[in-house]
Each structure stands twice: as C-alpha cells, then as structure tokens.
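Once you scroll down, you'll see the structures, which are given as structure tokens.
First chain A sits with chain B, and in the next complex the same chain sits with chain C.
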Partner chain A sequence: MPAETPPLLEVRDLRVEIPTRRGVLVAVDGVSFHIEEGEVLGVVGESGAGKSLTGAAIIGLLEPPGRIAAGRISLEGRRIDNLDAEAMRRLRGRRIGMIFQDPLTSLNPLYTIGRQLVETILTHTDLTERQAREHAIGLLAEVGIPSAAERFDHYPHQFSGGMRQRVVIALALCANPRLVIADEPTTALDVSIQAQIIALLKRLCREHGTAVMLITHDMGVIAETADRVAVMYAGRIVEIGPVREVIEQARHPYTIGLMGSIPLVGHDVERLSQIDGAMPRLDEIPAGCAFHPRCPHASERCRRERPERIALGNAEVACWHAGELAGRGAVTAGVVRERRENRNARTGDGRPLVELRDLARHFDVSAPWLTRLFSREGRKVLRAVDGVTLTIPRGTTFSLVGESGCGKSTVARLVVGLYRPSRGTILFDGQDYAKLDSHAAMAPVRRRLQMIFQDPYASLNPRWRVAEIVAEPLRAHGITRDRVEIRDRVGALLRQVGLSESDARKYPHEFSGGQRQRISIARALASRPEFLVCDEPTSALDVSVQAQILNLMRDLQRELGLTYLFISHNLAVVYYISDYVGVMYLGRLVEWAEAKSLFRDPKHPYTRMLLDTIPDLEMTGRRRAPVAGEVPSPISPPSGCAFHPRCPLATARCREMRPEPLPRGDGGEVACHAVAENRLPERAPRETPLRQEAD
Partner chain B sequence: MIGFVLRRLLQSILVMLTVALIAFGLFRYVGDPINNLVGQDTSAVEREQLREKLGLDDPFLVQFARFVKNAAKGDFGISYRHRRPVAELIVERLPATLELSIVAALIALLVGVPMGVYTGLHREGFLSRSFMTLSLVGVSLPTFLIGILLILLFGVVLRWLPTFGRGEVVALGWWTTGLLTVSGLKALIMPAITLALFQMTLIMRLVRAEMLEVLRTDYIKFARARGLSNRAIHFGHALKNTLVPVITITGLQLGSIIAFAIITESVFQWPGMGLLFIQAINEVDIPVMAAYLVMIALFFVVINLAVDLLYYLVDPRLRVDRDRATGHG
Partner chain C sequence: MAEQLRRPWPRGMIGRLLDSDLFYSFSRSPVTVLAALVTAVMMGAAAFAPWVAPHTPFDLATLDLLDAFLPPAWMPDGDPRYLLGTDDQGRDVLSTIIYGARVSLLVGFAAVFLAMFLGVALGLVSGYMGGMVDAVIMRIADVQLSFPTILIALLIDGVARGLLPRDMHEEMAIYVLIFAIGISGWVQYARTVRGSTLVEKRKEYVQAAQVIGIRPWLIMLRHVLPNVMGPVLVIGTIHLAIAIITEATLSFLGVGVPATQPSLGTLIRIGNDFLFSGEWWITIFPGAALAILVLSVNLLGDWLRDALNPKLR
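Moving on to the complex of A and B:
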C-alpha cells in the first residue's frame, strides 16, 4: 500500500463551541476539508457563518471561552489541535501565518514597521540582527513598498491603508509559513486598492509556494483567486469544490441563491433573485438542514434529518435534493431573471427634480492659531466638494462612485441640507433650496427629501420602539398628530417595506441588519418624500440581504415614483440600481453618463481604472487591472487635472490646466484633456489584462 | 512640536496667573495685612506710613503686578507667625515634602504597575482576585485612617517604627535629607506607604483595565499569529501601549500626592510644607497660605508639562505629522 503524502492541512469534523450563560453555542459544526501544498482555498459565507472561527481554531487563536470541542486538525500529517500552548506558538508564524481584516489596526502603532519585522524574523530564525534587517528590507521591497530601506524606520501611521496591508502581508510571510490564513484581507480597503492587494497576495504565495485559506464574503475575490471554494452556512460547509464548478454549476440551494443575489456588471436584470430571511442566530439553528426555513426546495426530510456531504461531480454538497437541482445555479442563469424592462417606461417625465450647480463645500482643517503662528503655516482648506454640477431627472436613480474620501458623502449631506454649501446652488423642483435660510421656509422642502444611512445600527435610536421611530417624521413635519392615523400609517409603511405591523412594538435591537435597514427605509418614506438620498445603504449588509434591500428599493421606486441619489463603492450594485452614474475624484465630477453607456464605454482614464477593478465573477479569465497608486491628500490636491499623478495619459498640459467638461456624445459629460485632444486610446477588451500588477 | 510646547507654556502661565490672583486676593482682602504685621499699640499715623510703604493704597492692578513680580522672585513677604520670610520657611520644609512624595510615588508605580500587569494577564487567578479585593480596601479607606492604623500596629503595639517626625536628617547644602540615615529611613516607611496606598491601587486598576483593552486589539492578535513569545507580546507590545494613559494619570497623581501630603504629614507630624500649611490655616498666616497655594499650582503645571512631553516620547503618532502627506507611495 503506497503511503500517500498527507495534505498540507486536514480538518476533520471540527466542532467549535462557545459556552455562554444561556447554554453552549455551536459555532462550527462538523466542518471537514483539506488544503494541498500551494493551493488557495476560498471560504465564503455571510457574516456569522463561522468562517473566522474556523480559521482561528486552525491557528490556535480561538478567543476564550470558545473552544475546539471535537474533531482533529493536522498540519503536514501531524496533529496540531492538541498541542500545548508553547508548541502551538512555535508553529504560528513559522508554519501557519495569518492576515487580518483591518490593516489600520493590525500593526502596533508605537513601533516602527522595521522593528516589528525584525522581531518576528528573529523569533523564527537564527539570523543575526543585521541579516534580519536585510531580509526585512528585501521583503518590504517584495511587497511593493517603494524605497523600502528608508521606509523601514517609519511608523505604521505614516503609511496609507493599502501600504499597511502590504506591510502586514510581509509580516505574515516573513518566516516563510507553509499556510497563510487570510481573514477578509481586503474588506477594509477601497475597491481600487483591493485589487492590488489580492494580486500581490496571489503572486507572493505562488512564488513562495505558500498555501492560502482565503476567508471572504466577496465571491468576486474568490472567483479570481481561489482554486477551490468552501461555502459555509450556519457553522457548516454546505458545498465545497473547484471554484469554477461551484460558481458555474452551484448545486446547493444556498449557493444558488447566493450567486443569484450578486449583482453583476453587464447583466441587466429587473430584480435580483433573493433568498428571503437571514442566517439564523447561533442559539436558534434549525434542526435537520440548517437552511430549510429559507430553502425553496425544503421537504419533510430536510426538516428532520441533517444532510451528509455527498460527492457530485468534483464537488461535495450537503443537501438531500442536490442531485435533482444540479446545474440550476449557473451565474448566467441569473440573466433568466426577468429582463430589465424599458427604463423610460417606468421613469418619470424626464423633468429634473434635483439640480446641483457648481456645488462646493470646503472645510477649514487648520491647526490651532498658535501652532500655525509658530510653525508658520497658513490656513488649510479641505475642498471636500469643489464644483459639482449634475441633474437628476424625476423618477430616476443617479449614483455617485469614487474612492474613499472623494466627496460622495459630502455631496449627499449637502443635498439633504446637513451641510451648507460654500458655493453653488441646489435646485429642488426648481427652487433654490440652499438659499432658504429660515427653518420654516425649509420645512416644506425638507419633507420631500429624506436620507438613508449606511449603518442601520447607528441611525436608529435604540431606546425607541419601531412605531416611534417610523412615526417621528410624521410628527416632526407636522403631517398628522392623530394617534389612530399615525398608527395606521406606521402599519402601512412597515408592510410596504416587508415587515409586519406587529413589529411596531419591538425595539431596534430585536431586528437583524437587513430588517433594521428596512425600518430606516420605512422611516424615510413616512413623510411621503419624492427624493431619497441613500449613502451606502447596503454596504453593511450581507449579499443575500443586500439583494433584498436593492429589490425593495427598486419596487418602491416603481410604485411611488421615487427619485434616488445613490452612493456606493460597489460598482456592480451601482450598475444594477442606476439610471445615471457620476464618477467623482477629489471633490469633482470627472465623468457622468447614462449607466449602461458609461460601463460599456468609459472615457475618463480614472473611470476606466475603476471599472477595471471589478472582479470577474463570470470567470472569463480576465484579470483585474489594479488601480495604480492611491488618492492624494485632498488638502493639497495636484495642480491642473487632479488625476494627473496616476494617469497614464498625463501631459504637461494636464499638470497645468484643469480640464473642462465636454459632451461624451451620449448626453453625458467627461472632463479630460485626452478626450478633448482626441488622443484617448481604444479601451483594451475585457478578456485581456490591461496591465500586470501595478507595482 | 515647538508650537505645541509654546502653546502649553502659554497656557501654564495663564493658569499660574489665575492662581496668583486667588492667592493675592487672599493676602490682600482676608483680614487687614497691617493689623497682622504690627502690634496693638501702634499709632494710626504709623499704620498709615506702613500702608504707604507697602503700597496698599495703590490701584489693584499695580498691587497685583507687584505681587506677581515678587512671587516670581520667590518673595512672598513675611510670615505673620514666624516673623521670617515665607520663602525661607518653604525652602526649609520643601525637602521633607518632596522626599516623602517622591518615595510614595515610586512605591505606587513600582508596585502598582506590576500588579496591574499581573492582574490583567491572569484575570481569573487567585492572586489577581486577592489583589483586586485588597485594592478595593485601598481605595475605600480614608488616608488618615490607614495612617492611624499603621501607627497603632507598627508604632504602638510592635514598636518597630517611629510614630512621628523625620528622624535624623543630613544637610546637603540647603537640602536636608532623611534618606541617608537609618532613623530617617525608618521614619519614612509608614508615611510613604500611607501616602502611596491610594495611588497604588488606582494605578493598578488603571494598568489592569488598559492591559485588558490592549490585549483585545488587532495588533496583539496579529503579534500572536506571528508566533511572538508571550513575554515579547505582554511586555514589549502590550505594556508600552498602556503607558500613554498611565503616564497621564501618574503625572496628575504625583501632583495630588504632593497636595494630599497635608493629611499624611499631619497624621505623622511630618515637618513638611503640608504641616506648615495646616498650621498657617489655624493661625490665619495668610502669606504662608498664599505661597503654599502658588507652590502647589506650580508643581501641577510643571508636572502636566512634563507629561505632555513624555507623550511625545512614547507615542510616535504625535511626533510626526508632516510626513503623512508624503507617506503615500
């Protein structure tokens, strides 16, 4: 019998329990998988599915009182889950490394990055201090830190988020571990930086032959990075197999639903397919198949017996009915979801509802006057929004996209009147809203526009009942004070957003994230507004819940003729929801156009860069071309066209003169000298990589 | 950095001026300074001359300016009771108070910080729980009671330690120290512990809380994931990050140790500034009270300044601001 070499990592029937006062919670339940040498295993699932706990259990860093209750974990054929603390510590860093989500908090702020690297290298090798230093500098250069030798003695706060994540990667890889567990390594980063980091991680692991367990909730990242993928739900692996097979022929109803709820650029659908409900809390995981309350195919057997994982094709699926369902989850099958109907049929009459003209908002961010006096520096003005002109026709959705800090949220706040403009006008239904200065004069307009925020947790008063929260705008705008009428209206609003009337008596903490966002929407709709400003309304939500909210927003728009200003960094979501899209860079609108037209034919070099960062879920083989460089400080933006330091087409003229907006030819506009001078290159077709990794 | 220091200095000067104003108000308007200076049988004419000589009829601002000018030179006038310059009295008493306070602060730090670290790391251990319970006693018993209990036990019952005074002192120039003689050291033990106890428990609880907080941070998790040794993580990474708040509180506490010394000094009849101040209150010795007030304020201000500068040493985020804009690659 030939002795097969054992896989690098083997996890058998892992069970992680968390004892609490109200009983023992089972957070990971019977999880088995393996990872081969040099392989990338993606682990996806919504928050709370047990992904991070599985990773923590492997590296021996479960937070007490969490504990491994059953199962075994072997690394290179050797069992490691029963090692004592000291033996486990020696394994960490040297055999198994880990990368965490937030680069801003992963590094000790009080030590230089060099010191942290050298310390780690010295812990695991016999190198001398000097050799360790050289090795560290080499690593920094390898992860793409320019002038690594100089930056060696810098502190973490002197690096940007993307740079810090590079340092974190260098730290995780510095003792050459065989396996790296990367827990949401790009979630805290801007989309444009995400692509850079993923490309880097992939390249390094390939070069060093390191295997990766890549934990993420982003299917796109998995699609372009992983060899195999495990889908987790409620502490169990429901489907595991080669990425291509799982994405294109998902067999488990949860995977199928998950894939269908991801909006895709280029796919025009009226509604996303959605899985109703949300993942159960740990203390109420249903018996039998944990997914059965949400599953459209659930049978009596599913409610009673827990399905075992069975092989189907090259994948394994834990579902009683998987055999019958096979192949129904192809991504492209999502297109069969109703086709997007003719836009103009449902939108309004095309008359503008909101117009921004040369809108600007500046913040004074100067140091205190005495410091300024002594260090002889002038006042500092941050031009968060600097001359934005746009028009939103009635009944349509206008989206703003751009990297973090480009001023999207500030525009939103200006439009709803949370900030006063420093310059420019806001016309609401033809009326100059920003000029109305008395509260009384604003009131009738205020009632007609409402805002939905990113964080459904922070924006609801935890001490109010839902009824009071939803009724607040009714009272505040003096719409009605009649108790019975208020009750009826609140009930109707809750029904409208998919909640029930009985929910009115509950408090916000009794709801899940998605339900809370429904409550915020109900509150926003209470005063019967015509215009809703939505700042990242789904980015705190899981994909399946995001799909529910996006569908709800679409439905409401159709029923009530609402107009949206929508802000998101997720380009696929923007593609799905928008009629018009504007791209912002450092406080300016650099390009805008009708959504489809913009995504098909982006002209501004920055728009092109952004669109190239969209992960490729359809597995066309296209590589993401990461955006080069990072956003400069908005306090001292570059001269001329602010994008010129990152622009491959920049010329002397770009550095001196700010480009004026020109018509794109489809009703939209673009501000770029290259367009004006007609020297814009053809855009590379999507199949071929535009550029290798940016560094 | 220079701007920052200068701004702090300016604020300090403002604080000192305010305190000086209060001290001056005390001096000038509580009782009649002339009455306090001269005997019963002085004639009205003589009083008037003295008034003139002291400038007590000058406008308020002129008088205040003179007070500040003199105070800056260390001249607070003549003590009503001792009939000696106040500055002389203070200089005589200062070493006793400072030695007591600094030894107490050292005890508080050297015992409080390790105990805090220990209880932070071994949250559930028996020792930790005992420390925590003991520290509750420390914060809830009033200082004078602890002092009296100590005197009772070690002074009266066991007769190991003297119950009052400073013991023998050695003069080093104008400074007198009790640290060089056995009796001086013995005399120091009880008052120093009494004074230190409250601050010690405070520091211990603070370090513990900070330790627990820091141990939960991502960078500590990441350090563990890199396989660094527990020692490196606890003492290299975690402890240093707890230092910033500890420095703040310790600095403030050192100030209050000096101020609180009043009580300890009177319990142990310690011949320091606190005792001087208590006596001054009993006898309405206004110049001494005014001088004491200004002294204490000065200590607080200087310590605060030192704390702010220490921040700069410990926390690089405060040191470098300007590089950040160029930090982007």
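Moving on to the complex of A and C:
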C-alpha cells in the first residue's frame, strides 16, 4: 500500500473516545484506511457505526467531549490530527471540504448565498472580490442552479431543499479542495432529488479530480457513486475493498447480512434475509469480534479474539472465518433466495375491505383574517389530497408512493380518521366511515383499523411503561378490564412481535428503534384489527432492522389475514411488501396497478421517472433518467395535468385538461393524455441498460 | 447519544434518583447544593416553628414589655435569651422571623399551586383545542401580561376586600392574598404549557391515542400532561421566589396579612419605623432572612431550568 507518493488521505489506527461520567466510550476503534487522489471512498454502516465521527475527526470537527485518543491522520503525507485550531481552520475549506446532511441548516439564513460563497473563496484563495464573484457564479451554474447570476443575491430560504444542497456542494468545492467529506449528503432529500444530487456529485468530482469520502447508510448510493467502500460496524471497519467486489462477493458476515436485508426491485422473495438483533450500544460493545452475538458463523475464537483485517482478493476483511465464507453472500450472483410463490393467493377472498371514492382533503393555509384584510389577499387553500379513488381488497397490501408533499400521508390520516375529508367517502367494509361523527358510532370501526407510525421515537409515550402502552387499546375499547387477562394479552402480543413478556415492565427509552417499532405494532394489533395503515414504518430504521420489521409485517399478514395500506417513498420496500401500488403526485393518484405489473411496465411518465431513481444496487450499469426538476407548491398546482411542467411528453392538451383515469389493461389505471393518445415511447425492459441521457 | 446508553440502574427509587443525570448535575454545582441546604433549613424551621423557635412571639402571656428594644445578644446590653434582639413589644426577633417565614412560605406555596393549576389547565386546553378557545384564553393572558404583576395583585386584593364584609377582613386576609398572587401569576404557566402542548400534540404517540379513539380530555390528561410538566416545575420554583417577594411587598404596603399574624413583609414594615431611631435589628434581620430565602429558591430554580432544559429562556 505505501507507494512512493503518499496517498491523499491516510488514516491509521484512529480511535475516537467520548468520555462520560460512566466511563469512556470508544466510538471509533482502530480504523485505518486511505483515499487516493480523485477517488470516491464510500463509508457505509448503520447508525452508531461511528462513520460520521470518523469524518468529523478527519476534518477536526469532533464535538467535545469527543476526542481523538490514538492513531494518526495524514493529508498528502502531512500529519493533521495534531494541528492547532488555527492551522486546522486554514486547512478546512482549502484542502478539505465538507458537505453536511441537512441543507436547511448548513447555510446561514441571514446572508445571501452569493455572499457566503464569495466570503469562503476570499478566505481561501488570493482572488480579488470581482474574480471571486465570477468564480462563484460559475460554480453555481456548474452545480445546476438555473440563471445563476440572478439567483446569486438570493437568500437560502428562497431555494428549495434540493437547490440548497447544490449550493452547499458549490460551497464545499469553491476553494478547489483535494478532498470532500460528504456526510449523508442525500439523506434529507426526496428520492428524485437524491438521484440528481448523486449524479451531480459524481460528475463534479470527476471533473475537478476531487477525492470524496462519502458517508452514508444507503448501500444504493455507494453502489452508484463509490470506487471503493468501507463497511463499518460498532466503530470498526469490518470490510473494505472495491465496490463491485464488496457488493457482489461480500465476505464479512455483517456485509453479507446487510446486503441480503436490502429489498431489491425485480427480486421476488418471500422473506428478506435478516440479521437478528441490533448494533450494540457504545457502552456494551462485546469483546472479541464486535459482530459475534449477531453472527450465524460465530465460533469460540470470535468471542475471545478480535480479528485483524486480512487481505482477500482486492478487499480486506476483519473476520476469522472470512476465508470459508467468501462468495456466499453475493446479492446478484445467485444467493439462495426463496422464490415467492403465487403471491396473490393469500388469505383474502378478493372482496374489497376499504374503498376510497373521490377522497379529498383541503387545508386552509391563509393568513389570519386581519392580515388578509390589510394585504388584500384571498384565502389560500392547500389541496393536499384532491380526488383519490382506490380499492383495497381484503388481505392484500396497497402501497402509496410519491415524493414528499404528494399527499400520501394525508390519505393515511384520512383513512384512520385523524382528519375529516373535505369531499368524498371512505367505505370501510361497506360502511361510510367518514360520515360517522359521534364518538360512540366510530368506536366499533376504530377497533378494526389501526395505524403504525413512522418515528419509533415519537410514537410511544415516553412516560408510560410498555405494558400500559400496549394495553391502552384493550382498555379504551373495553375489550377487557380484567388485570390478569390484560397482562396475558399484552404478553402474548409482545411475543407475537418478537419481544419477550418481561419487556412489558420497561420504558420506551430502554429499547432500540427497531424494538420500539415492534412495540408500536403490538399496540396496533391489540384490538385485533383487520386493517393496518402503515405510514413509512421503516424509513426511520436501519436497513438490517428494516428487514426484520418488513418480515414481521409479512408474517403477521399471513397469520392474521391483515390488510395493509402502506405509505412509503422507498420503492424497493414497496416492491417487496405490496400487492398493489398507487403512485401519487400533488394530491392525485396518477397510476395504480398490481405491483409486479406496475414495476415491469410503468405507463405514466412520472412513474417511469420515479422508478429510474432507484439506486442501481445490482451494478448493471444501466443509465437512468431520474425525474428532473422539483415538485411544485401544492398551494398553486399547475393547470391541467399537474405533472406537465416536469414531463417530457407534455403537450398543450396536458397544460389545459386534467387527464381522467384510463384502464391500463391489467386491472390498473393510469391518468395520462400521452397514454390516451397512444404517443407513449417504448420503455426498455428494466433488466437491460436504458439508452437515455443521464446526469 | 448519552440518553440512549443503558446504565446499570441501582435498584429502587432512591438509588435511581442518586444515579440520575439530574442528581449528578446537582452534586457538581456547589452553589446549588448550598442553596438547597439553606432552603431546606429555612423551610424546615418554618414548618416546625412551634418546636424550633425559642419563644412563642404571639403568646401575650410570655411577653414582657421590659424586654422591648433589646439589641442582638452579642452587642452590649444584649440578652443571651434573645439571639437577634427583641422588637418594640419585647418579642424575640428570631422567633418572629421563624413564624413570619412560615406565613410567607405558606402564602407562597399556596399561590404557586393555585397559579400552576390554573395555568396548566388553561394552557393545556388552549394548546390542545386550538381555534377559538385558544384565541380567547391567550388574548386574556396577553392583556394580563401587559400589566405589572404587583398591580394585578393589588387590584384583585382591593376588589376582594371591597366585596368581603369588613369584619371578615382579618381572617380572610391570607386567603385573599393567596388568591391575588395566584391569579396574577398563571399566565407564565399557561404560555409555557401551551407551547409544549403544541409540540407534543404533533407527536405520533398523541395521534396513536387519537386513532385508538381515546377521548380528548383523557389524551390531554394522561398523554400530554405528563410530558409538559418539566418546564412547569422550573417555572414553579422560580415563581415561588416571586410569590414570596410579592407577598412581602403587599404586606409591606399594608394590604397583606394583618399584624397579628405577621409575615416577613409585615415584620419589615413594622421594623422600618424604628430603623432610624437605632433599633436596626428589628427590620434588618427579617429583611436578610427574606433575601436569603428568595435567593436560595431562585438559585435552585435557575439550576433546575438549566439542568432540565438548556434551551428554555
């Protein structure tokens, strides 16, 4: 590895400690890697793996009391971990740039973006103010800000999230650093924007010859972008090597498990392979190999001795059994995945359980009446959901997908009765649920439908014990008041979701995110509902935990004959869990069909573009045409077909007339003039690379 | 991150308390420990006044006018029986302070609880219900907040006295005072609770309860209330100091508790008359006691605020 010229960045035996009053926590432990000039190194791992702390340690932004306890970090052969604050400050921005996760907070809202760029350029280069300005405008144009010269004097709030992240990238690149550390640069963004940002980052770094340390939890992003990848677990690098080799022939059991737990579009599996348990907390990292409690191959030696990284092929793996396991975890190369058999022959009899008819919900977002009076503006109405019609057959899963702001969560909330519809009906087992208004009349329906929420940290009352949380529906619906019976049923529910009865006495904060989501599911199941509305139930979870929850939901559906309405922005998850998929755009359902059929043959241009945003984890090298542009404001949606400003097929008719749903030919429907007029271009089948312009 | 670490909890409530972050931050702040100690001693003395005080200052049978105006014990002419001297009627100043603190603290605590109850209830309803209810409650709060607290208390005190028959003034004085101070202080609680309620209301556990079909008042009481009480305790502690001062001010102005049942404020007023004739101890010692008590409670409140929520104003 040590060549004549030292690598751009070299990290050796880095150890980051966080002293607390209960002892010193080791957050990063013995991490070594290097990044060559112009190389993209992906650092992937679940939350708590220490990947962000590694990045922060390199750029000298560790938050106290965190500290570098051992090891050395060298940039271009010069040691930088022992520099004083002033020397480090000069290094930051000039030699190393940084891109943070949240574009909303990484720009100063009080200064125009132009001023922030110019200030940074002036600090780090010898350019004059005038040259700096020109350079900044050039950069803005380069990162894809339309009419950059005009937008130069705009404030951050005048930009959308995706545009702001572009500005942040411009800011990181403005002094031409040799290395950019990007910490989850796309996580806070919508899927369509995410794909645009990845493409941009890739292109810029190639053009500028900048090396990137790309920190992310998303293996798909890594597969799309990185040259090499380091997989981190519990503060250590367990596997590092060329992306293709790590993804296709993972050797560390953790990497193998991680890859297996990622759902893939086009792969029909009954269950995702899952790694049981969760990443250990920092204060209870096990001795020996940190992964051994979750590892199916763990031996006595793994429990005792910590494995060193050994070279295998072009990769290095820290596992005692890496040699024997090599090649067993390939995702694409024929890993043994159970085939899903006739997935529609499930518990249901095909009768509809839930029907939405022209459902709409409008929110009044106008200013207070006094303000309106003075500024003479009218009322503003946000049409969050504007005429959605769909039917969910008993025992099936209907998924709604779309970018944020498309109204999918509002539909979920309407269906469970958290909002009252402005228009339309919700039929639950033939009964118009939305029309019921007394508490007593709604109670029998409420028992039969429940909801699972997105954020496992907010969906459980932190002051209640698990037993009380799970028992709440039992008490509220008067199912039973007998203490012993309640205790037994809570115990049974906890066992059903994979927890133990003794967990009932604990408080929510004693559980990990995945376990909390299980508690949330147990609570939802308590009143024995037939219908569960799941609003992004796995998007706050790590991949390996997501697989556990998805498997659990599948199992429960089979055992209890549940019907799901599943809301998600993750298309691969949707493909795995759904029988039917509906695509929403600005409050309307633009296309729906049976899941497989929709993914194989999307008709609506929006659906097609959305499917193209799925990261190419199988590394087929297919070119993608992800959605261009961003979602317009739902307060003033475009006329006619709301998608027309972003649609490559838009005509005058699309701008004027709202398309009506037409049969797709497979039972589904699509609302698009291009389909009606039969001018839809052929779409290459998913498996072969698309010949379309990307980036 | 720190809150996610599982700790080896010692068993039992006491063990848990001693192990908590709150206690840790408490034990690391010497000023707070001292303030807590002083507060505890003063409250203890006040609560157990009949057993702690060397004399019973309001028992006329034990008073001797010949003992009037005795200076503190360490001064020439001082009497070792009266550590801090005596007042114009021969009452032991130390004992009157202890009994006076009892009245001050009683009024303070009662007023704080009244204000807390009103404020929390109104803030909770206001935040959870929103709309008209919220608008009405919050506008009343705004109006009240635009007047100084002491003015509101004086106003309520005056109105209440005007409504009550004259012969009940003496016995009702203390309740009127509690009512006046309590009413004048609810706004702080209501605003804080309303704010936290708005935050909690959006959290998914409240929506989960709504989906289950729990009635709104039960959600407010059982789900939201326990989660908004943290800041309320902070305000309560700081408000206790303010309430004691308000009571002392009112009593000093002569509209508070009667002289037969003096609070610290009353004692200061009585002593004030003798300040320039040389008998300074009659007013200085009650004044010092009041200052120390209020300062200690305030320091406790400040610490609690920082320890529970560094972002609270």
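Annotations
By definition in this document, the second predicted complex is superposed on the first by the 674 of 695 C-alpha atoms of A that agree within 3 Å, B and C clash if a C-alpha of one lies under 4 Å from a C-alpha of the other, contacts with A are read in each partner's own complex, and residues count from 1 in each chain.
Basically, a residue touches a chain if its C-beta (ideal position, glycine included) is under 8 Å from a C-beta of that chain, and two chains touch if they have at least 3 such contacts.
If you're wondering where the values come from, they're calculated on a predicted model, not measured in any experiment.
With chain A as the common reference, the superposed partners chain B and chain C fit together side by side.
By the document's definition of touching, neither partner reaches A:Gln431: not chain B, not chain C.
In the superposition on chain A, A:Ser299 contacts neither chain B nor chain C. When the two structures are aligned on the shared chain, A:Thr20 is found in touch with chain C, with no touch to chain B. When both complexes are overlaid on chain A, the residue A:Asn314 reaches neither chain B nor chain C. Touch criterion met: A:Pro473 reaches chain C, while chain B stays clear of it. Number of chain A residues touched is higher for B, counting chain B against chain C. In the superposed three-chain arrangement, the CA centre of chain A forms the vertex of an angle with the CA centres of chain B and chain C, and that angle is 30 degrees when rounded to a multiple of 10.
After overlaying the two complexes on the shared chain, residue contacts for A:Asn82 are found with neither chain B nor chain C.
After superposing the two complexes on their shared chain, the closest approach between C-alpha atoms of chain B and chain C is 6 Å. On the side of chain A, the complex with chain B involves touching residues 59, 61, 89-94, 97-98, 100, 102, 105-112, 119-120, 123-124, 144-146, 154-155, 157-160, 163, 168, 171-172, 174-175, 367-368, 370-375, 629-630, 632-633, 635-636. On the chain C side of its complex with chain A, the touching residues are 1-7, 24, 203-205, 207-215, 223, 226-227. Within the complex, the chain A residues that touch chain C are 18, 20-22, 25, 281-284, 413, 416-418, 439, 442-443, 446, 450-451, 453-455, 458-463, 472-473, 476-477, 509-510, 520, 523, 527. Residues of chain B that touch chain A in their complex: 2-4, 6-7, 10, 217-219, 221-230, 232, 236-237, 240-241, 314-317, 320, 323-325, 327-329.
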